[in-house]
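In this document, chain identifiers A, B, C and D correspond to the written order of the chains, with residue numbering beginning at 1 in each.
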Amino acid sequence: MLTTHPFDDDKLREECGVFGIFANTQAAAITALGLHALQHRGQEAAGIVSFDGNRFHLQHTMGLVGDHFSSEAVIAKLKGGQAIGHVRYATTGDTTIRNVQPLYADFEFGGFALAHNGNLTNAQTLRRQLVRRGCLFQSTTDTEVIVHLMAIARGGSPVDRLIEAVRQVEGAFSLVALTSDAVIGVRDPLGVRPLVLGKLGDTHILTSETCALDIVGADFIRDVEPGEMVVLDKDGVHSMRPFQPQNRRFCIFEYIYFARPDSVMEGTSVYQARQRIGRELAREAGVPADVVVPVPDSGVPAALGYAMEAGVPFDLGIIRNHYVGRTFIEPTDQIRHLGVKLKHNANRAMIEGKRVVLVDDSIVRGTTSKKIVEMVRAAGAAEVHMRISSPPTSHPCFYGIDTPEQSKLLAHRLSVDEMRDFIKADSLAFISLDGLYRAMGEPKRDPSNIRYCDACFTGDYPIALTDNLDSPPVEANAVRIRA
Amino acid sequence: MLTTHPFDDDKLREECGVFGIFANTQAAAITALGLHALQHRGQEAAGIVSFDGNRFHLQHTMGLVGDHFSSEAVIAKLKGGQAIGHVRYATTGDTTIRNVQPLYADFEFGGFALAHNGNLTNAQTLRRQLVRRGCLFQSTTDTEVIVHLMAIARGGSPVDRLIEAVRQVEGAFSLVALTSDAVIGVRDPLGVRPLVLGKLGDTHILTSETCALDIVGADFIRDVEPGEMVVLDKDGVHSMRPFQPQNRRFCIFEYIYFARPDSVMEGTSVYQARQRIGRELAREAGVPADVVVPVPDSGVPAALGYAMEAGVPFDLGIIRNHYVGRTFIEPTDQIRHLGVKLKHNANRAMIEGKRVVLVDDSIVRGTTSKKIVEMVRAAGAAEVHMRISSPPTSHPCFYGIDTPEQSKLLAHRLSVDEMRDFIKADSLAFISLDGLYRAMGEPKRDPSNIRYCDACFTGDYPIALTDNLDSPPVEANAVRIRA
Amino acid sequence: MLTTHPFDDDKLREECGVFGIFANTQAAAITALGLHALQHRGQEAAGIVSFDGNRFHLQHTMGLVGDHFSSEAVIAKLKGGQAIGHVRYATTGDTTIRNVQPLYADFEFGGFALAHNGNLTNAQTLRRQLVRRGCLFQSTTDTEVIVHLMAIARGGSPVDRLIEAVRQVEGAFSLVALTSDAVIGVRDPLGVRPLVLGKLGDTHILTSETCALDIVGADFIRDVEPGEMVVLDKDGVHSMRPFQPQNRRFCIFEYIYFARPDSVMEGTSVYQARQRIGRELAREAGVPADVVVPVPDSGVPAALGYAMEAGVPFDLGIIRNHYVGRTFIEPTDQIRHLGVKLKHNANRAMIEGKRVVLVDDSIVRGTTSKKIVEMVRAAGAAEVHMRISSPPTSHPCFYGIDTPEQSKLLAHRLSVDEMRDFIKADSLAFISLDGLYRAMGEPKRDPSNIRYCDACFTGDYPIALTDNLDSPPVEANAVRIRA
Amino acid sequence: MLTTHPFDDDKLREECGVFGIFANTQAAAITALGLHALQHRGQEAAGIVSFDGNRFHLQHTMGLVGDHFSSEAVIAKLKGGQAIGHVRYATTGDTTIRNVQPLYADFEFGGFALAHNGNLTNAQTLRRQLVRRGCLFQSTTDTEVIVHLMAIARGGSPVDRLIEAVRQVEGAFSLVALTSDAVIGVRDPLGVRPLVLGKLGDTHILTSETCALDIVGADFIRDVEPGEMVVLDKDGVHSMRPFQPQNRRFCIFEYIYFARPDSVMEGTSVYQARQRIGRELAREAGVPADVVVPVPDSGVPAALGYAMEAGVPFDLGIIRNHYVGRTFIEPTDQIRHLGVKLKHNANRAMIEGKRVVLVDDSIVRGTTSKKIVEMVRAAGAAEVHMRISSPPTSHPCFYGIDTPEQSKLLAHRLSVDEMRDFIKADSLAFISLDGLYRAMGEPKRDPSNIRYCDACFTGDYPIALTDNLDSPPVEANAVRIRA
């Protein structure tokens, strides 16, 4: 219910989710289900690659997992007992089918498929070097550099080549790869993006979140460690450490908004984390009120925490229309201003004459917040107080989250007081950085030992932004459209 | 958020929603938005008819409103300042395009379009008479008999003919009709189905629920009265009373489940009614527990009411995947048993080791309830108590709600104790009939003056079931499929 | 090869073709093949209705027969041993799916389906009477009046009702109807449109042309006579004569252009008729030349006849591109003038420096002829002489052929000399009316006993044009579009 | 009209056609028209790449040119004044969108697109070397090796790199390439496949056949010479000779069947060549007869030549149904044997009781010929004599024509007498090899100076078959399907 904001245009967006399984007679069907559970991590495209002992089978689609991969005929074509899959939300460049993952390539050693969650920060630098060497790129994704680095590696097994490749890339990455012998998972040395290991009978699974294990009835075993490579093959599960050890810096925004509330990440329930943030927020920035109202759907756990801590009734003062699809474009100019009403309606009976605390998880551009406040006020609220369960989002993410350019971030341009005026609330408060760390069980944010990646709030980027320092981004020379 | 269960197969389903507007330069676009807000009342098909002073324009589609009517090109074709629309869930017969409403017919007096929410109980009897007389039916809907009765009426104006027609039909109906001069609304003498009158600037609107007024920014004026006909034309709003007065019998299930929680019906907020039912349920059937968990999405207001009354924490112990579409058919037999997991996942962190009260609005066949209990138990619940915010659904509806045949209704076959065993809950309780009436503000259900239609719980049908008494149902002779 | 001009916009167009079969286990598949062979008689839409002993099954499609009815799944749905089908080119009114035939209606006696080739000349007059009586029309086709006349008939069997109905209509009609017991064929008293009876094993077939018998391997038995009704049922073939006898007036244009050259109509091979017309044309209007070139594809047999008679070599001096579909719209304004070149190219090697006789079957608006002459001249022809294998088309058809309004007919506006100047040919000649009759084996056109309907050349209409005399055409009040 | 056999399954198939234009404001639209005229050279897929001075624009489609590239919106996206295009029939490997040409690649020097007609005979050998070196292939086409050879070339301009690449490949190729500065054409040293240069105003065009010049109103300048590279850039037309001179060996089958009859190749009209072959065939293998009937559509010019030379009447004794699309799959097993009748019908009136000479251009597997003979006999022919306007096709082509494996070629397995018995004709004759050369204006086939590539008749392959000698074909490891 609170898992996702499928159609919000004023939210940050996770780029990707990954899934891999070895070895199960239902490999492709299970991968499809896993991707369906990860749909909140990318709704733009999906893909599955399987291997049947002889050939690899690829299926890519634009759109939702269920629109393509729920067909028995499609699954029947994805033969074989090992498979990997990917859901994607594209951040830059072409949103065309050739960028849909998993990527596939024919190597001298045979076929190889790769699915990537995260973003490489030296991809363009590497790409320029590879093109100069004579490599031809078929996509505009950062992920493809890994494949070319493998192709020109000094040889050896697919695992050796993959290690040689990932040692050269910088950035955030949780990878799942498929060879004719194995399914391989790798997590970058800081562990910015999640990756977990699960078990279904004798079969092992690597995937982004535990909710993708739940849907197929698999048991959670453990998180893949930062900097760890896990190989699933016929001899079982093998763990390797191809990188120098570093301090872990898991993305704290996964707890605030990206992950599904029923997932458990690095040992912590996402739902409980959100509820604790809400409690902390009530302690830090409580205000006299008659009702606590979540901005649907993601604000619910934090709003419940806030309401419990503040002793104020919780009610669904805003109702969401679940039939809104991407396709509902307001049909004429004159009524285009209706905007937010297509998705939300104030529940007037619960709001009229009341002092309302609205709880939301973040403010990006601020446009939706402004409309929500206006709608609640028009429904007769006496006061409207906005409480946000994250610190102000003032910096872009380079590690796999789609953020607007910095100048579009409301918190980059305005102070909290100015933001309050912009959204026309009676008051506005964000949880503090230390409050956020307290909700996560830390005493505070310790600058000498920062536990999470919080660069979007602090600008403190834990991995070098090589491409950004070096040079302007490489634009693709071509626009491809395939009918 | 809690408005609808778009894809549940174990819920009763409202058949239809209607909308009409006179006279507005944006008539078709506003009708499309109104239908979008009524989408929970019918997801199978939608249609809009407009009149531009010269010609009528018709657009019908299978599927959701937004999939077709959000196109600027489509709206541009629906020219004119007056329009009516319809969303539909078909209960019987063909689910083909020719049954999609509004129905349209060319009369001697000109064009006429009709949209119907409800179900006629003497339609088959009338149809046989009309066919014998030489009338050719083009659809298998009950609604078409009204159109033929108008065609053979003794003449006069469209309004006169419509009055002559509706006086001959029995059953539940809230109609919205379009002529070249007017938009007309009619509600059956008992007022089983809702119909409201609203105002947008100088324009008047007739529609099923107030949420369809909210979305277009219109003001609610009043409910159309049972047995009232309202005519919107260039001279304003006219009210007529074509029927003998009768005691009103509004459908109580609209409050329990069908209507959107942000709608107000017959003066009562649907959300508040559900919350009061939850409170009453806690008083009637409280049980020691650690957490109250709604079965998403419709159980939330009743669960909040229950939790408040019982003083037990409310939490989202079941998470719903919002990306489930009709198309997600489990791809292979072997994994088809996953079923409910495609839509819901237990939020283990909030459930494990706890005594859980699950709150749902109804039990129809019981299949989903059984799986939900099993899922919650598998997530580690210590006890699972099911509380239902309606009395046992033991009788089918003949007034416009899709119910399974009586033998499929769990409450028809089993006692409450047997139902508890069937769904494998530790305890099961339904709100009592009197408790339900109390929540609606009555002292109790007074058999001498029954305030609502509650036939699905009691078998006490307030309108004659003529077709069922007379004869077996007429089956269509043909199956039409159009490419 | 010469059967059809699928995409020419300057040709008259046959409206329809019909097919019916009783009783064959492959009824629907055979009907689909028959319609495929009749595709030249209507490319806009197609439909098949079958009866399986219990229910009727309907399938309608916009577009070509093969695009929809070549699917095994579609044919499998058309269950049963008796079926009728229809291909259509719409002349007036809506080109929407609701006008696609066969029409189907539920009568008191059961289901009934009707397919019509031709056009009724008193349909609007009858329609007004029927609407006044309370009949509701579901389509804008003239054919639907027959169905309503049957519905209000004094009763009796389907055959009795159909006889009562067809006695009231005027115009040209070859009908094929399907009841639960029989397949029925009727031809109007003058026999304007064709209808033939064939046999496939023990099964009988009624269809428009013999080529539809050939494709399924059926034998031709005989033409259905003008004014005859043929009933195919379990007892065999029954013939009835429901009309007063009249002199036959078969459409002579079927020989000139509409019918497929491999069909035999009223005992005469269409191909041979065309060749004889070509010979006659050479005798009447020969000219010294080096090469005879047909305008592809329909001009070939007449051109061969001309060449043989004139002793001039025949060559394909114009090459047709067979990949032209309806969808090839010239993509930009600037190159839109290319027009005819998309379909034809001059075969320069056969034309350059030569005196060319072009042979075509008719000139309607003259636009294509003009471009063809220009193209041939641009390819280096020394002289270009146009010879037409029909008399000047100066009058519209009201009996089932799509003709432009009279003012658009080049032969209505201009003399032959003026037409020659318009198309910029060195000479232009049409076959004479008497020459045309000679080619058909008559001594000449005998005004006291006219053997064919030749109204498009003479304005001598053999059936009353009741609708045109009475009143202006009834326009539909509504535009329906179904998604 | 006689240009193509779009749906015959018993014909050899040309693999590809190419088109390029520099520099015209309507570049993409003109390319689309040119490809439309070349549609007979490949119906499976089509693609266009344009360059607008800044970016390359790519559009690929499965299916016919007109189905995609006739859309104004599609053409509008293909911005820029220079463009190349390709139509394709795939011979081997995947028939998926990633193999559709033109191929596009981002090089260090910028974008580059390549379209290829022909087939490389050392592609697999080169591919293995390139993969070993670290090159990743994105398609399974032979053409991609040229792109990789350019990528690893010692550098220099695109033209230098392309020269370095084509010097390493063996086989038949007519290439058209697009860079940011130029459109480049190259023809292999033997000139097996055609390539012509044309002019439209100030704009130059390179394309496979002159019919593609005609459709856009361009003038033919000259054939590109075997072994010549032509560069069109802002300074005009440049000619280069990157290869050692060799004797030309143009594909003689282009005259017999592949090319459009209205094209002129190497100075000879294709239509006239076919007619001369027909005359030669009558001289070599005349037989007493009453009618000469072409097997439609490609047999017409040869049949006319035969008829003229033999003094026997020519008639269209077989009629082709032009509405046959690829989609008309016979809908049930029981009627699948109808086969050829879907496309052809005997014109009984012209055949019955006659001695018939059927003229066709080739016999590949013999299956269609057998059915045609059977159909003509069933229509009452007294005798059926088959005459073929090519020598027996006994060897596969490796230079860009799709031939069945040798064992499937009827002429490889059987003598002419045995073939006659197989197709059940009264007599069968093929034109002799010397007769064919005489028809082309040579005294005879001179083994010491063979003028054409006639390997399919003789097994005399003029270019080394390196891949076939070396090793078994490389199979793709993966099957890709993209939704």
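As a working rule, contacts are C-beta pairs under 8 Å (C-beta built on N, C-alpha and C of every residue); 3 or more make two chains touch, one makes a residue touch a chain.
Quick caveat, the model's predicted, so the values are computed rather than measured.
By residue number, over half of the contacts seen at A-B repeat in one listed pair from A-D, C-D or B-C, namely C-D.
Ranked by separation of Cα centres from subunit A, the top chain is C. Mean C-alpha positions place subunit A and subunit D at a centre distance of 50 Å. With centres set at the average Cα position, the gap from subunit C to subunit D is 37 Å. Here the spacing of subunit B and subunit D, counted between their Cα centres, is 62 Å. Under the contact definition stated at the top, not a single residue of subunit C touches 2 or more other chains. In terms of inter-chain touching, the protein chains here make up one closed cycle, each touching precisely two others.
All chain pairs that count as touching, in label order, are A-B, A-D, B-C, C-D. By the touch criterion given at the top, residues 49, 55-63, 68, 77, 97-98, 100, 104-108, 110-111, 131-132, 134-138, 147-148, 151-152, 476-483 of subunit B touch subunit C in their complex. Residues 1-4, 6, 25-26, 29-30, 32-33, 36-37, 39-40, 43, 64-67, 69-72, 74-75, 211, 214-217, 260-262, 264, 269, 271-272, 296-297, 300-301, 304, 308, 313-316, 318-325, 327-332, 334-335, 338, 341-342, 345-350 of subunit D are the ones that touch subunit C when the two sit in their complex.
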